[in-house]
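Working notes, beginning with the structure itself.
As written, the chain order gives the labels A, B, C and D, with residue 1 at the start of each chain.
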Amino acid sequence: MRISVQTAPFDLGEEANAFAAGVAGAGAVVTFTGVVRDLPGGGLQAMEIEHYPGMTEKAIGDIAQQAAGRWSLADVLVIHRYGRLAPGAPIMMVATAAPHRKDAFEAAEYLMDYLKSRAPFWKKELTAEGADWVAAKDADEDALHRW
Amino acid sequence: MRISVQTAPFDLGEEANAFAAGVAGAGAVVTFTGVVRDLPGGGLQAMEIEHYPGMTEKAIGDIAQQAAGRWSLADVLVIHRYGRLAPGAPIMMVATAAPHRKDAFEAAEYLMDYLKSRAPFWKKELTAEGADWVAAKDADEDALHRW
Amino acid sequence: MEVLYFAWVRERIGLPRERVETEAATVADLVAELRAREERYEAAFADLSALRVALDQELAEFDAPLEGVREVAFFPPMTGG
Amino acid sequence: MEVLYFAWVRERIGLPRERVETEAATVADLVAELRAREERYEAAFADLSALRVALDQELAEFDAPLEGVREVAFFPPMTGG
(Lines give C-alpha, C1' and ligand atoms only; values in the text may rest on other atoms or scores of the structure.)
Protein backbone atom coordinates (compact mmCIF):
# COMPACT_ATOMS: atom_id res chain seq x y z
CA MET A 1 0.00 0.00 0.00
CA ARG A 2 1.36 3.42 -0.92
CA ILE A 3 -0.16 6.75 0.05
CA SER A 4 1.35 9.98 -1.17
CA VAL A 5 0.14 13.51 -0.39
CA GLN A 6 2.21 15.81 -2.54
CA THR A 7 2.40 19.09 -4.43
CA ALA A 8 4.37 17.61 -7.34
CA PRO A 9 2.54 16.44 -10.46
CA PHE A 10 2.41 12.70 -11.10
CA ASP A 11 2.41 10.73 -14.31
CA LEU A 12 -0.69 8.52 -14.58
CA GLY A 13 0.99 6.12 -17.00
CA GLU A 14 4.15 5.68 -14.96
CA GLU A 15 2.22 5.24 -11.74
CA ALA A 16 -0.19 2.77 -13.35
CA ASN A 17 2.64 0.70 -14.83
CA ALA A 18 4.64 0.65 -11.60
CA PHE A 19 1.54 -0.35 -9.65
CA ALA A 20 0.57 -3.09 -12.12
CA ALA A 21 4.13 -4.45 -12.20
CA GLY A 22 4.01 -4.93 -8.43
CA VAL A 23 0.86 -7.06 -8.56
CA ALA A 24 1.52 -9.25 -11.60
CA GLY A 25 -0.57 -12.13 -10.30
CA ALA A 26 -3.62 -10.09 -9.41
CA GLY A 27 -5.73 -10.39 -12.55
CA ALA A 28 -7.59 -7.08 -12.26
CA VAL A 29 -6.20 -3.57 -11.96
CA VAL A 30 -8.44 -0.49 -11.73
CA THR A 31 -7.23 3.11 -11.76
CA PHE A 32 -9.16 6.31 -11.20
CA THR A 33 -7.64 9.68 -12.04
CA GLY A 34 -9.20 13.01 -11.18
CA VAL A 35 -8.32 16.02 -13.32
CA VAL A 36 -8.94 19.75 -12.68
CA ARG A 37 -12.01 20.57 -14.78
CA ASP A 38 -12.66 24.01 -16.15
CA LEU A 39 -15.86 25.76 -14.97
CA PRO A 40 -19.02 25.17 -17.04
CA GLY A 41 -18.65 28.57 -18.73
CA GLY A 42 -14.83 28.45 -18.81
CA GLY A 43 -12.59 30.94 -17.05
CA LEU A 44 -10.98 28.81 -14.34
CA GLN A 45 -7.47 30.16 -13.79
CA ALA A 46 -6.41 27.66 -11.16
CA MET A 47 -7.62 25.37 -8.42
CA GLU A 48 -6.04 25.73 -5.01
CA ILE A 49 -6.17 22.73 -2.73
CA GLU A 50 -5.60 23.10 0.99
CA HIS A 51 -5.20 20.14 3.32
CA TYR A 52 -4.58 19.28 6.97
CA PRO A 53 -1.04 17.88 7.16
CA GLY A 54 -0.90 14.89 9.45
CA MET A 55 -4.63 14.22 9.48
CA THR A 56 -4.68 13.84 5.70
CA GLU A 57 -2.23 10.93 5.65
CA LYS A 58 -3.97 9.37 8.66
CA ALA A 59 -7.45 9.68 7.15
CA ILE A 60 -6.37 8.25 3.79
CA GLY A 61 -4.52 5.43 5.54
CA ASP A 62 -7.67 4.59 7.53
CA ILE A 63 -9.81 4.61 4.38
CA ALA A 64 -7.36 2.35 2.56
CA GLN A 65 -7.25 -0.04 5.54
CA GLN A 66 -11.04 -0.20 5.55
CA ALA A 67 -11.00 -1.07 1.86
CA ALA A 68 -8.33 -3.73 2.39
CA GLY A 69 -10.42 -5.29 5.15
CA ARG A 70 -13.54 -5.33 3.06
CA TRP A 71 -12.32 -6.61 -0.29
CA SER A 72 -9.71 -9.12 -1.34
CA LEU A 73 -7.03 -6.76 -2.62
CA ALA A 74 -3.48 -7.36 -3.75
CA ASP A 75 -2.53 -3.70 -3.37
CA VAL A 76 -3.80 -0.12 -3.08
CA LEU A 77 -2.30 3.17 -4.23
CA VAL A 78 -3.52 6.67 -3.37
CA ILE A 79 -1.86 9.85 -4.63
CA HIS A 80 -3.43 13.22 -3.80
CA ARG A 81 -1.98 16.60 -4.64
CA TYR A 82 -2.44 19.93 -2.89
CA GLY A 83 -1.39 23.48 -3.72
CA ARG A 84 -2.11 25.41 -6.90
CA LEU A 85 -3.17 23.34 -9.93
CA ALA A 86 -3.89 24.46 -13.49
CA PRO A 87 -6.99 23.36 -15.42
CA GLY A 88 -6.33 19.95 -16.96
CA ALA A 89 -3.76 19.02 -14.31
CA PRO A 90 -4.13 15.68 -12.52
CA ILE A 91 -5.41 16.15 -8.94
CA MET A 92 -5.29 12.63 -7.62
CA MET A 93 -5.42 8.97 -8.47
CA VAL A 94 -6.27 5.71 -6.81
CA ALA A 95 -5.34 2.25 -8.04
CA THR A 96 -6.55 -1.11 -6.80
CA ALA A 97 -5.48 -4.63 -7.73
CA ALA A 98 -7.44 -7.78 -6.95
CA PRO A 99 -7.88 -11.34 -8.17
CA HIS A 100 -11.38 -10.44 -9.40
CA ARG A 101 -12.69 -7.37 -11.20
CA LYS A 102 -15.61 -6.81 -8.83
CA ASP A 103 -13.30 -6.33 -5.85
CA ALA A 104 -10.97 -4.02 -7.76
CA PHE A 105 -13.87 -1.85 -9.00
CA GLU A 106 -15.76 -1.69 -5.72
CA ALA A 107 -12.67 -0.91 -3.66
CA ALA A 108 -11.70 1.89 -6.06
CA GLU A 109 -15.19 3.41 -5.85
CA TYR A 110 -15.20 3.09 -2.08
CA LEU A 111 -11.82 4.84 -1.85
CA MET A 112 -13.08 7.65 -4.07
CA ASP A 113 -16.34 8.09 -2.18
CA TYR A 114 -14.51 8.33 1.14
CA LEU A 115 -11.71 10.53 -0.17
CA LYS A 116 -14.34 12.99 -1.45
CA SER A 117 -16.00 13.52 1.93
CA ARG A 118 -13.68 12.19 4.64
CA ALA A 119 -10.16 13.22 3.67
CA PRO A 120 -9.35 16.77 4.84
CA PHE A 121 -8.92 18.58 1.54
CA TRP A 122 -10.63 21.79 0.52
CA LYS A 123 -10.77 23.15 -3.01
CA LYS A 124 -10.90 26.76 -4.08
CA GLU A 125 -11.58 27.91 -7.63
CA LEU A 126 -9.77 31.01 -8.85
CA THR A 127 -11.23 33.08 -11.71
CA ALA A 128 -10.81 36.64 -12.95
CA GLU A 129 -13.75 37.55 -10.68
CA GLY A 130 -12.13 36.18 -7.53
CA ALA A 131 -11.94 32.99 -5.52
CA ASP A 132 -14.66 30.59 -4.41
CA TRP A 133 -14.45 27.63 -2.08
CA VAL A 134 -15.99 24.57 -3.69
CA ALA A 135 -19.03 23.51 -1.65
CA ALA A 136 -19.40 19.88 -0.62
CA LYS A 137 -22.17 18.14 -2.57
CA ASP A 138 -25.05 16.32 -0.89
CA ALA A 139 -24.61 13.64 -3.56
CA ASP A 140 -21.07 13.00 -2.30
CA GLU A 141 -22.26 12.59 1.28
CA ASP A 142 -25.11 10.37 0.08
CA ALA A 143 -22.64 8.21 -1.86
CA LEU A 144 -21.27 6.96 1.48
CA HIS A 145 -24.59 5.39 2.42
CA ARG A 146 -24.22 2.54 -0.02
CA TRP A 147 -21.19 1.12 1.77
CA MET B 1 -13.84 5.97 -29.28
CA ARG B 2 -11.10 3.48 -30.12
CA ILE B 3 -11.52 -0.29 -30.26
CA SER B 4 -8.55 -2.50 -30.96
CA VAL B 5 -8.57 -6.30 -31.22
CA GLN B 6 -4.94 -7.32 -31.49
CA THR B 7 -2.33 -9.97 -30.81
CA ALA B 8 0.37 -7.45 -29.89
CA PRO B 9 0.98 -6.56 -26.23
CA PHE B 10 -0.02 -3.08 -25.11
CA ASP B 11 1.49 -0.78 -22.52
CA LEU B 12 -1.06 0.16 -19.87
CA GLY B 13 0.78 3.35 -18.93
CA GLU B 14 1.18 4.61 -22.49
CA GLU B 15 -2.41 3.81 -23.36
CA ALA B 16 -3.71 5.43 -20.18
CA ASN B 17 -1.67 8.59 -20.77
CA ALA B 18 -2.68 8.87 -24.42
CA PHE B 19 -6.32 8.35 -23.49
CA ALA B 20 -6.22 10.90 -20.66
CA ALA B 21 -4.43 13.45 -22.86
CA GLY B 22 -7.30 13.28 -25.34
CA VAL B 23 -9.96 14.10 -22.75
CA ALA B 24 -8.24 16.82 -20.73
CA GLY B 25 -11.52 18.49 -19.74
CA ALA B 26 -13.27 15.37 -18.57
CA GLY B 27 -12.52 15.36 -14.84
CA ALA B 28 -12.67 11.60 -14.27
CA VAL B 29 -10.73 8.83 -16.01
CA VAL B 30 -11.15 5.15 -15.09
CA THR B 31 -9.08 2.29 -16.47
CA PHE B 32 -9.48 -1.42 -16.03
CA THR B 33 -6.73 -3.82 -17.03
CA GLY B 34 -7.07 -7.60 -17.08
CA VAL B 35 -3.95 -9.70 -16.65
CA VAL B 36 -3.41 -13.45 -17.24
CA ARG B 37 -3.57 -14.99 -13.76
CA ASP B 38 -1.77 -18.18 -12.91
CA LEU B 39 -3.94 -21.14 -11.80
CA PRO B 40 -4.69 -21.42 -8.04
CA GLY B 41 -2.02 -24.14 -7.65
CA GLY B 42 0.33 -22.60 -10.24
CA GLY B 43 1.42 -24.36 -13.41
CA LEU B 44 -0.24 -22.25 -16.08
CA GLN B 45 2.06 -22.30 -19.12
CA ALA B 46 -0.01 -20.02 -21.31
CA MET B 47 -3.49 -18.80 -22.07
CA GLU B 48 -4.75 -19.07 -25.61
CA ILE B 49 -7.50 -16.72 -26.65
CA GLU B 50 -9.58 -17.43 -29.74
CA HIS B 51 -12.02 -14.94 -31.20
CA TYR B 52 -14.47 -14.47 -34.06
CA PRO B 53 -12.89 -11.91 -36.39
CA GLY B 54 -15.48 -9.45 -37.63
CA MET B 55 -18.08 -10.23 -35.01
CA THR B 56 -15.65 -9.30 -32.23
CA GLU B 57 -15.15 -5.73 -33.42
CA LYS B 58 -18.87 -5.40 -34.11
CA ALA B 59 -19.88 -6.73 -30.69
CA ILE B 60 -17.42 -4.52 -28.83
CA GLY B 61 -18.50 -1.51 -30.90
CA ASP B 62 -22.14 -2.20 -30.00
CA ILE B 63 -21.30 -2.52 -26.29
CA ALA B 64 -19.34 0.74 -26.35
CA GLN B 65 -22.19 2.51 -28.16
CA GLN B 66 -24.63 1.26 -25.52
CA ALA B 67 -22.37 2.65 -22.80
CA ALA B 68 -22.04 5.98 -24.60
CA GLY B 69 -25.82 6.22 -24.86
CA ARG B 70 -26.33 5.44 -21.21
CA TRP B 71 -23.73 7.59 -19.49
CA SER B 72 -22.31 11.00 -20.16
CA LEU B 73 -18.89 10.00 -21.50
CA ALA B 74 -16.11 12.04 -23.08
CA ASP B 75 -14.43 8.97 -24.57
CA VAL B 76 -14.13 5.17 -24.45
CA LEU B 77 -11.19 2.89 -25.21
CA VAL B 78 -11.26 -0.91 -25.49
CA ILE B 79 -8.20 -3.03 -26.27
CA HIS B 80 -8.52 -6.82 -26.29
CA ARG B 81 -5.79 -9.26 -27.24
CA TYR B 82 -6.08 -12.74 -28.68
CA GLY B 83 -3.55 -15.49 -29.38
CA ARG B 84 -1.10 -17.04 -26.95
CA LEU B 85 -0.42 -15.06 -23.75
CA ALA B 86 2.00 -15.79 -20.92
CA PRO B 87 1.02 -15.63 -17.23
CA GLY B 88 1.25 -12.00 -16.07
CA ALA B 89 0.67 -10.63 -19.57
CA PRO B 90 -2.03 -7.98 -20.05
CA ILE B 91 -5.12 -9.43 -21.77
CA MET B 92 -7.26 -6.37 -22.22
CA MET B 93 -8.07 -2.93 -20.97
CA VAL B 94 -10.95 -0.49 -21.03
CA ALA B 95 -10.78 3.20 -20.26
CA THR B 96 -13.63 5.65 -19.78
CA ALA B 97 -13.60 9.42 -19.31
CA ALA B 98 -16.50 11.48 -18.01
CA PRO B 99 -17.25 14.77 -16.30
CA HIS B 100 -18.23 12.85 -13.13
CA ARG B 101 -16.68 9.83 -11.45
CA LYS B 102 -19.93 7.88 -11.17
CA ASP B 103 -20.38 7.83 -14.96
CA ALA B 104 -16.77 6.85 -15.60
CA PHE B 105 -16.91 4.01 -13.05
CA GLU B 106 -20.31 2.66 -14.06
CA ALA B 107 -19.52 2.76 -17.77
CA ALA B 108 -16.23 0.90 -17.20
CA GLU B 109 -17.99 -1.80 -15.17
CA TYR B 110 -20.73 -2.08 -17.77
CA LEU B 111 -18.14 -2.50 -20.54
CA MET B 112 -16.35 -5.19 -18.54
CA ASP B 113 -19.55 -7.08 -17.69
CA TYR B 114 -20.62 -7.15 -21.33
CA LEU B 115 -17.17 -7.93 -22.70
CA LYS B 116 -17.01 -10.95 -20.37
CA SER B 117 -20.20 -12.57 -21.68
CA ARG B 118 -21.11 -10.93 -24.98
CA ALA B 119 -17.87 -10.42 -26.90
CA PRO B 120 -16.89 -13.56 -28.85
CA PHE B 121 -13.67 -14.56 -27.11
CA TRP B 122 -12.85 -17.99 -25.72
CA LYS B 123 -10.00 -18.73 -23.35
CA LYS B 124 -8.04 -21.94 -23.08
CA GLU B 125 -5.58 -22.69 -20.28
CA LEU B 126 -2.47 -24.69 -21.16
CA THR B 127 -0.65 -26.68 -18.46
CA ALA B 128 1.77 -29.61 -18.44
CA GLU B 129 -1.31 -31.86 -18.14
CA GLY B 130 -2.98 -30.50 -21.24
CA ALA B 131 -5.42 -27.81 -22.31
CA ASP B 132 -8.76 -26.78 -20.84
CA TRP B 133 -11.32 -24.34 -22.17
CA VAL B 134 -12.28 -21.85 -19.49
CA ALA B 135 -15.97 -22.30 -18.65
CA ALA B 136 -18.24 -19.26 -18.53
CA LYS B 137 -19.22 -18.40 -14.96
CA ASP B 138 -22.84 -18.02 -13.87
CA ALA B 139 -21.70 -14.99 -11.87
CA ASP B 140 -20.60 -13.29 -15.10
CA GLU B 141 -23.97 -13.91 -16.74
CA ASP B 142 -25.72 -12.74 -13.57
CA ALA B 143 -23.64 -9.55 -13.57
CA LEU B 144 -25.56 -8.41 -16.66
CA HIS B 145 -28.85 -8.33 -14.77
CA ARG B 146 -27.94 -5.21 -12.86
CA TRP B 147 -27.82 -3.07 -16.00
CA MET C 1 -24.31 -20.95 -46.21
CA GLU C 2 -21.06 -20.57 -44.30
CA VAL C 3 -21.06 -22.39 -40.97
CA LEU C 4 -18.35 -21.47 -38.44
CA TYR C 5 -17.29 -23.28 -35.28
CA PHE C 6 -15.29 -21.86 -32.39
CA ALA C 7 -13.49 -23.15 -29.28
CA TRP C 8 -14.41 -26.73 -28.29
CA VAL C 9 -17.17 -26.85 -30.90
CA ARG C 10 -14.46 -26.36 -33.54
CA GLU C 11 -12.25 -28.97 -31.86
CA ARG C 12 -15.02 -31.59 -31.66
CA ILE C 13 -16.13 -31.12 -35.24
CA GLY C 14 -12.54 -30.86 -36.39
CA LEU C 15 -12.79 -27.81 -38.63
CA PRO C 16 -13.22 -24.07 -38.18
CA ARG C 17 -15.71 -23.50 -40.99
CA GLU C 18 -17.44 -25.21 -43.88
CA ARG C 19 -19.91 -24.48 -46.62
CA VAL C 20 -23.27 -26.19 -46.01
CA GLU C 21 -26.02 -26.55 -48.59
CA THR C 22 -29.26 -26.65 -46.67
CA GLU C 23 -32.97 -25.92 -46.89
CA ALA C 24 -33.24 -25.71 -43.09
CA ALA C 25 -35.83 -23.11 -42.02
CA THR C 26 -34.39 -22.42 -38.56
CA VAL C 27 -31.15 -22.80 -36.63
CA ALA C 28 -32.67 -25.78 -34.82
CA ASP C 29 -33.43 -27.45 -38.17
CA LEU C 30 -29.85 -26.88 -39.30
CA VAL C 31 -28.55 -28.38 -36.04
CA ALA C 32 -30.76 -31.45 -36.56
CA GLU C 33 -29.32 -31.88 -40.08
CA LEU C 34 -25.74 -31.56 -38.85
CA ARG C 35 -26.27 -33.96 -35.92
CA ALA C 36 -27.56 -36.58 -38.33
CA ARG C 37 -24.36 -36.39 -40.39
CA GLU C 38 -21.65 -37.93 -38.24
CA GLU C 39 -20.73 -38.79 -34.66
CA ARG C 40 -18.47 -35.72 -34.29
CA TYR C 41 -21.39 -33.38 -35.05
CA GLU C 42 -23.59 -35.34 -32.66
CA ALA C 43 -20.88 -34.89 -29.98
CA ALA C 44 -20.61 -31.16 -30.60
CA PHE C 45 -24.36 -30.49 -30.60
CA ALA C 46 -25.41 -32.97 -27.89
CA ASP C 47 -26.24 -30.25 -25.36
CA LEU C 48 -27.68 -27.12 -26.95
CA SER C 49 -27.87 -25.37 -23.57
CA ALA C 50 -24.04 -25.31 -23.65
CA LEU C 51 -24.02 -23.62 -27.07
CA ARG C 52 -24.61 -20.18 -28.46
CA VAL C 53 -25.36 -19.23 -32.05
CA ALA C 54 -24.73 -16.09 -34.09
CA LEU C 55 -26.43 -15.29 -37.40
CA ASP C 56 -24.43 -12.93 -39.60
CA GLN C 57 -22.34 -12.04 -36.53
CA GLU C 58 -25.27 -11.19 -34.25
CA LEU C 59 -26.25 -13.42 -31.32
CA ALA C 60 -29.52 -15.24 -32.01
CA GLU C 61 -31.81 -17.93 -30.60
CA PHE C 62 -32.00 -21.51 -31.84
CA ASP C 63 -35.53 -21.00 -33.15
CA ALA C 64 -34.44 -18.04 -35.32
CA PRO C 65 -35.21 -18.34 -39.05
CA LEU C 66 -32.29 -18.79 -41.47
CA GLU C 67 -33.84 -17.03 -44.45
CA GLY C 68 -31.37 -14.54 -45.91
CA VAL C 69 -28.61 -15.55 -43.51
CA ARG C 70 -25.15 -15.99 -45.03
CA GLU C 71 -23.09 -16.92 -41.99
CA VAL C 72 -24.01 -19.10 -39.01
CA ALA C 73 -21.58 -19.57 -36.12
CA PHE C 74 -21.76 -22.06 -33.24
CA PHE C 75 -19.70 -21.67 -30.09
CA PRO C 76 -19.76 -22.12 -26.31
CA PRO C 77 -20.66 -19.24 -23.96
CA MET C 78 -18.12 -16.46 -24.41
CA THR C 79 -15.31 -15.83 -21.94
CA GLY C 80 -13.91 -12.41 -22.83
CA GLY C 81 -12.48 -9.76 -20.55
CA MET D 1 -4.68 23.54 23.36
CA GLU D 2 -3.83 24.09 19.71
CA VAL D 3 -6.81 25.23 17.63
CA LEU D 4 -6.54 24.98 13.84
CA TYR D 5 -8.70 26.55 11.15
CA PHE D 6 -8.95 25.52 7.51
CA ALA D 7 -10.45 26.87 4.27
CA TRP D 8 -13.03 29.64 4.75
CA VAL D 9 -12.98 29.19 8.53
CA ARG D 10 -9.29 30.13 8.42
CA GLU D 11 -10.04 33.07 6.12
CA ARG D 12 -12.86 34.43 8.28
CA ILE D 13 -10.90 34.15 11.50
CA GLY D 14 -7.76 35.40 9.79
CA LEU D 15 -5.25 32.87 11.08
CA PRO D 16 -4.45 29.21 10.48
CA ARG D 17 -3.87 28.21 14.11
CA GLU D 18 -3.58 29.61 17.61
CA ARG D 19 -2.94 28.46 21.14
CA VAL D 20 -6.08 28.71 23.29
CA GLU D 21 -6.15 28.44 27.08
CA THR D 22 -9.54 27.04 27.99
CA GLU D 23 -11.43 25.05 30.57
CA ALA D 24 -14.16 24.18 28.08
CA ALA D 25 -15.55 20.71 28.69
CA THR D 26 -16.80 20.03 25.17
CA VAL D 27 -16.25 21.26 21.63
CA ALA D 28 -19.55 23.16 21.85
CA ASP D 29 -18.31 24.94 24.99
CA LEU D 30 -15.10 25.90 23.22
CA VAL D 31 -17.09 27.23 20.25
CA ALA D 32 -19.21 29.33 22.62
CA GLU D 33 -16.05 30.80 24.17
CA LEU D 34 -14.55 31.59 20.77
CA ARG D 35 -17.79 33.16 19.44
CA ALA D 36 -17.89 35.47 22.45
CA ARG D 37 -14.41 36.81 21.65
CA GLU D 38 -14.78 38.86 18.48
CA GLU D 39 -16.98 39.41 15.48
CA ARG D 40 -14.69 37.39 13.18
CA TYR D 41 -15.15 34.29 15.36
CA GLU D 42 -18.88 34.90 15.50
CA ALA D 43 -18.86 35.06 11.69
CA ALA D 44 -16.90 31.83 11.35
CA PHE D 45 -19.01 29.86 13.83
CA ALA D 46 -22.44 31.32 13.03
CA ASP D 47 -23.73 28.11 11.40
CA LEU D 48 -22.38 24.97 13.04
CA SER D 49 -24.19 22.76 10.52
CA ALA D 50 -21.72 24.12 7.94
CA LEU D 51 -18.73 23.10 10.08
CA ARG D 52 -16.86 19.95 10.93
CA VAL D 53 -14.49 19.37 13.84
CA ALA D 54 -11.54 17.05 14.36
CA LEU D 55 -10.01 16.20 17.75
CA ASP D 56 -6.39 15.13 17.54
CA GLN D 57 -6.87 14.60 13.80
CA GLU D 58 -9.96 12.39 14.09
CA LEU D 59 -13.42 13.61 13.05
CA ALA D 60 -15.65 14.20 16.09
CA GLU D 61 -19.04 15.61 17.09
CA PHE D 62 -19.62 19.03 18.64
CA ASP D 63 -20.72 17.46 21.92
CA ALA D 64 -17.47 15.49 22.25
CA PRO D 65 -15.46 16.06 25.48
CA LEU D 66 -12.15 17.93 25.22
CA GLU D 67 -10.41 16.22 28.12
CA GLY D 68 -6.94 15.08 27.10
CA VAL D 69 -7.26 16.63 23.62
CA ARG D 70 -4.22 18.54 22.36
CA GLU D 71 -5.37 19.65 18.92
CA VAL D 72 -8.80 20.84 17.79
CA ALA D 73 -9.47 21.69 14.15
CA PHE D 74 -12.47 23.46 12.63
CA PHE D 75 -13.22 23.36 8.92
CA PRO D 76 -16.04 23.15 6.34
CA PRO D 77 -17.17 19.83 4.87
CA MET D 78 -14.27 18.28 3.00
CA THR D 79 -13.97 18.31 -0.78
CA GLY D 80 -11.24 15.84 -1.63
CA GLY D 81 -10.92 13.57 -4.63
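Just so we're on the same page, a residue touches a chain if its C-beta (ideal position, glycine included) is under 8 Å from a C-beta of that chain, and two chains touch if they have at least 3 such contacts.
Heads up on the chains, UniProt names are A, B = Molybdopterin synthase catalytic subunit; C, D = Molybdopterin synthase sulfur carrier subunit.
Only a predicted model underlies this, so the values are computations on that prediction, with no experimental measurement involved.
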item	value
Count of contact steps on the shortest path from subunit B to subunit D	2
Distance from the mean Cα position of subunit C to that of subunit B, given in whole angstrom	26
Subunit A-subunit B separation of Cα centroids, rounded to whole Å	23
Interchain centroid distance [CA atoms averaged], subunit C/subunit D, Å	72
Two or more partner chains touched - positions in subunit B	34, 101, 112
Multi-partner residues of subunit C (each touching 2 or more other chains)	81
Pairwise chain contacts, counting only pairs that touch as defined	A-B, A-D, B-C
Complex contacts: residues of subunit B adjacent to subunit C	34, 50, 52, 54-55, 58-59, 80, 91-92, 112, 115-124, 133-136, 140-141
Residue ranges of subunit B touching subunit A (in the complex, touch as defined)	11-17, 20, 24-35, 37-38, 87-88, 90, 99, 101-102, 104-105, 108-109, 112, 143
Subunit A-touching residues of subunit D, taken from the complex the two chains share	4, 6-8, 10, 54, 57-59, 73, 75-81
